[in-house]
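What follows is a set of structures to go through.
Two complexes are shown next, each including subunit A; its partner changes from subunit B in the first to subunit C in the second.
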Partner chain A sequence: MAEIVLDSVTKQYPDGAVAVRDVDIEIADGEFIILVGPSGCGKSTTLNMIAGLEDITSGELRIGGERVNERAPKDRDIAMVFQSYALYPHMTVKENMAFPLRLAKVDDTTVEKKVRDAAEILDLTQHLDRKPSNLSGGQRQRVAMGRAIVRSPKAFLMDEPLSNLDAKLRVQMRTSVSRLQKRLGTTTVYVTHDQTEAMTLGDRVVVMRGGAVQQVGAPQFLYDNPANLFVAGFIGSPAMNFVPAALEDNVLRSALGDVPLTDRVRGLLEGADAPREVIMGLRPEHFEDARLVDEAVRAKGVTFTNQVDVLESMGSDKFAYFSLQGEQATSAELAELAADAGSADVPGGGVSLVARIAATSTAVAGEPADIWFDADKVQLFDPGNGRNLTYRG
Partner chain B sequence: MSHAVKTDNAEPALPPKAKAALSEGKRAERRLGLLLCAPAILIMAAVAGWPILYSLWLSLQRYDLKFPDRTEFVGLENYVTVLSNPYWWNAMWVTVLITVVSVAVELVLGMALALIMHRTLVGRGIVRTSTLIPYGIVTVVAAFSWRYAWTPRTGYLAETIAGGDPVLTEKIPAIMVVTLAEIWKTTPFMALLLMAGLALVPDDLLKAAAMDGASAWQRFTKVMVPVMKPAILVALLFRTLDAFRIFDNLFVLTAGSQGTSSVSMLTYNNLIKGLNLGIGSTMSVLIFIAVAIIAFVFVKLFGTAAPGGDGGGRR
Partner chain C sequence: MAGIGGAVTTGRKARWTVLNILVVAYALVPVLWIVSLSFKTKETLADGNFIPRAWTLDNYKAIFSTTEFVRALVNSIGIALIATAVAVVFGTMAAYAIARLDFPGKRLLVGVSLLIAMFPQISLVSPLFEIERTLGLFDTWPGLILPYITFALPLAIYTLSAFFREIPWELEKAAKMDGATPGQAFRRVIAPLAAPGVFTTAILVFIFCWNDFLFAISLTSTEASRTVPVALSFFTGSSQFEDPTGSIAAAAVVITIPIVLFVLFFQRRIVAGLTSGAVKG
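Up next, the complex of A and B:
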């Protein structure tokens, strides 16, 4: 067990392409940290540099206080779980899990005991003599975890370990990974492109984009206080809604109507040097069916009327989808997020919105509905550089 | 109830009819399959099946074209003659020696070349092409260049390495030169087959082994070789069968003199040069049996060695 420090770590390939730029992360001993971002953001490269599978171009990597830049992977005492599991097909489950111990020349009785223990933790005891090809996806995944934990390394590195599982199993395994990490208390760096995994698993989340760290923080903090448009759009499902707006004295003019600036928002904006044209961000849960909101509360927000395109009932609540007339919010960050989500090619003029409203709402798809939102919850972004103007750091 | 009555009525007629329809379709399909295969089968029977049967028949007769009127059926007498003949056994040992040594050396060199070709990032095309050059040269032409190189006074290898000795005129040195020529010629083929096997080893597996604490050599022996074992066995089988039939290199380099004949060489000398169809055919049948045994051993080996259900861990 050890802390891991990345001190302005940079990866540049011989052809000049920079995969990771000046990454500074301090990972505490026993911490579960998630690297998240769209494909090509440099999260896997960062993980591989910690592992020693890729060289570090500049900067320093310290594990347990020691510089390890020049050490081979085998000398760093860290274990890794791969997306493909990378199980040795010619070895049984037992041999797979024992492999790191055998290489470390551990004596037979200890190997036997450690493998038994790991198999018990991961519920693999009855599969020890089977070959990986005879196991299900979930079992293979557990064997890969087992191979990592038998050695009691200083840290675990996990490269999208759950991506190859089907949705239901992924949720199950997510909780067992979390439980396992808490039980062992080993420093863990976990790479994923799935923001749900990032939100649910980590003590802290590192959001990356284009090789640079966007924001580091606890999941809830990132959700409530995204540093920029990219983090705002990436964290949360369904994603935050973005509507272009114009800032005037005490009011925000937008396609949703005029939004009064509350004291909180005004206070945060004061030192922010905000431009006139901004992007207004609203989380889906900050909307509500206007009919279900008290008069008193209603006055603190804005009510608008629009046709509901699609209404999805989730049981506990409903998702209402709207399209507004007017320009879509544009920025480099939003374009990248759309490209990553694959929605860049989906045609649709105007602004689309998602609102999470109470299950008791009587809104009907295809008909207009009165929707209210909390004016105090708006976040404002600078379309030029994506900065959150209402960021409370 | 009416339902039961209905089935009762239909019972005698329906099942046989359904069965007949089914098997008729299947039979038509099978007939079509046979028809489509027929031309290939006929050609194979004519060019491979018939000569095999004919030589089997010839091997059971005393049949020497120098004494055609003394031809008669002698049963297994030819086999006794050949198998109790020291020339045959000498040729057999020479062949086995060349086969074992050349295939073993080729495996090691071929693996090294395959790794180089697999790993090269810069000038991949040039590396691969230059590696394959020996394989692209006609064997007889290559054998002649080896012969000239080892000829005293004119050959550079004979003058430099052998110090002017005529190495091709002595049994053991000649066999070594033949083996060397064979290795030089066919290592690229081995390397090609092994390179295909290397592609079967996923990168993640080697990375995982590195993380698990394996050195480069351990990654090679404990992960790479076991995973590509099926490809290695195929390469070995191909090369062993091929090496066992060695003829052209020997023909050019020593012509089988000084007891350097291989079994193919000896068969050729008896059958074509000596015109002894009976003995020659017997030898070719024996070679056929030897090759079949080699193939059988390898295939049996595959059966036991093929990783229990392929594809575990790799997708």
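Up next, the complex of A and C:
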């Protein structure tokens, strides 16, 4: 058990490409931290540098207070779970899990005991003599976890450990990973591209983009207070809606109508040096079917009428999709997010919008509906550099 | 051979059986013919019967009673085994480097080794002869082992690097994370997984060395290093009027046996290695 400190760690390849730039993260002892971001953001490189599988170009990595930049992976006392599980195919489950202990020259009785204990925790006892090729995906995943925990290392590193599982098993394994980490209390660094895993698993989340850290914080804080457009668009599913708006005295003019600036928003904007043209961000859950909103509450927000393109009922609530007339919000961050989601070249003029409304709503697809949103929950971003102008840091 | 499990119809099975028998028979008739010849007595050698009418072991007794053949057999086994061992060890290391590492001159190395493999061996015989005579390697074991290694290495490197490339790199990273030194990772994780490839390569290299005639006849002159294929060509009857066919047939059968054993022995390992693998994580 130990804390891990990355002190302006940088990775530059011989061809000059910078994979990770000046990353500063302090991971407390026993903390579960998530590195999240789209593919190519440097999260796996960062993990590999902590593991020792890739060299650190500059900066310092400290584990338990000691500089470990120059140490081989085996001397760092950390265990890693790989995306492909990387189980040794010629060894049985038992031999796989015992491998790190055998290398550490632990005596046979201790090896036996530790493997039994780990197998019990992971519910693998009846599979100990099988080969990995005869196991299901979930079982292989658990063997990989088992191999990591037998050694009681200082830290666990996990590189997208659940991404090869099917959706249902992934949810199930997510909770068991979380439970296991709580039970063992071992410092864990977990890499994923799935924002749901990031939100649900971690004590803190590190959002990365293009090799640089965008924001570090507790999942809920990141969700409520994204530092920039990228974090705002990446965290949350469905993603935050972005609408271009013009900032005028006490009012935002947008395709959704004129939005009055509430005291909170005005307070945050002061000193933020906001440009005139901004991007307005609205979470889907801050919308509601106007007919279900009290008069008193309705006055605090804005109501607009638009045709519902698609209505998805999730049972507990409904997702309504709209297309608004007008310009789409544009910025480098949003373009990158769209490219990562694979929706960059989906044709569709205007602004598309998702609203999460109550299941009792009577809105019908193809018909116009009155939709209300909370003006106080509006977040404003600078389209030039993506900065959140209403950030409460 | 018979296709997929129990879903095969009898008609299809029969067709496959006939086809298999045809192929096997076509391949084995010359071999059986030489076996048959080796058991025939001198008198019945040329009678044209496939199954000998009079059986005898005289031919075998004859070849093993001459030092000429026994000595050649020892040479063949020794030279082929040493050349195979050296080629496989160096080939394994070179192939691992080519498959895993990025080093300057890698493409050149691969290109040159391909060039060696394609070179017509006959064009090298005269220079090799001169070189070996000058260096005193002519008619010695190393005089044959060295060219064999040279020509077997490209083959070994090619087959082995294909095998190494199939082993996921993550296994090696996992071994490192589990506390293995690079050496331990290679010995305990990579080598066992590459074993089928190593055995396949060993068989191919051994067969190449065992069957070689060109180098063996050009670079040897006495029993000191003459291998069996060459010794066979020097066989004569006990008098010049005697036909050595029977002895040649017996010797041919004898030198086929090690190859068959070698393949059968390692084939098991290959199949075992492949099925226990399931390399995909």
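By our rule, the second predicted complex is superposed on the first by the 393 of 393 C-alpha atoms of A that agree within 3 Å, B and C clash if a C-alpha of one lies under 4 Å from a C-alpha of the other, contacts with A are read in each partner's own complex, and residues count from 1 in each chain.
Everything that follows uses one rule, which is that a contact is a pair of C-beta atoms (placed from the backbone, for glycine too) under 8 Å apart; a residue touches a chain by one contact, two chains touch by 3 or more.
Note that the coordinates shown come from a computational prediction; the quantities given were computed from them, not determined experimentally.
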Discussion item. After the overlay on subunit A, what do you see for subunit B versus subunit C, clash or fit?
Written reply: clash
Worksheet item: Looking at the overlay, what does A:R140 touch: subunit B (first), subunit C (second), both, or neither?
Response: both
Discussion item. Just to be sure I read the superposition right, which of the two partners does A:F32 touch: subunit B = first, subunit C = second, or both, or neither?
Written reply: neither
Worksheet item: Touching A:K131, do we find subunit B (first), subunit C (second), both, or neither?
Response: both
Worksheet item: In the superposed arrangement, which partner chain does A:F381 touch: subunit B (first), subunit C (second), both, or neither?
Response: neither
Worksheet item: For A:K74, is the partner it touches subunit B (first), subunit C (second), both, or none of the two (neither)?
Response: both
Discussion item. By the touch definition above, which subunit A residues appear in both interfaces, subunit B in one complex and subunit C in the other?
Written reply: 51-53, 72-74, 78-80, 82-90, 99-100, 103-104, 131-133, 140, 147, 151, 157
Discussion item. For the complex, give me every residue of subunit A touching subunit B.
Written reply: 51-53, 72-74, 78-80, 82-90, 99-100, 103-104, 131-135, 140, 147, 151, 157
Discussion item. Could you list, by residue number, the parts of subunit C that touch subunit A in their complex?
Written reply: 168, 170-171, 173-181, 184, 188-189, 192-193, 276-279, 281
Discussion item. Using the touch definition from the top, list the residues of subunit A that touch subunit C in their complex.
Written reply: 51-53, 72-74, 78-80, 82-90, 99-100, 103-104, 131-133, 140, 147, 151, 157
Worksheet, complete the sentence: In the complex, subunit B touches subunit A at residues 202, 204-205, 207-215, 218, 222-223, 226-227, 229, 307-315
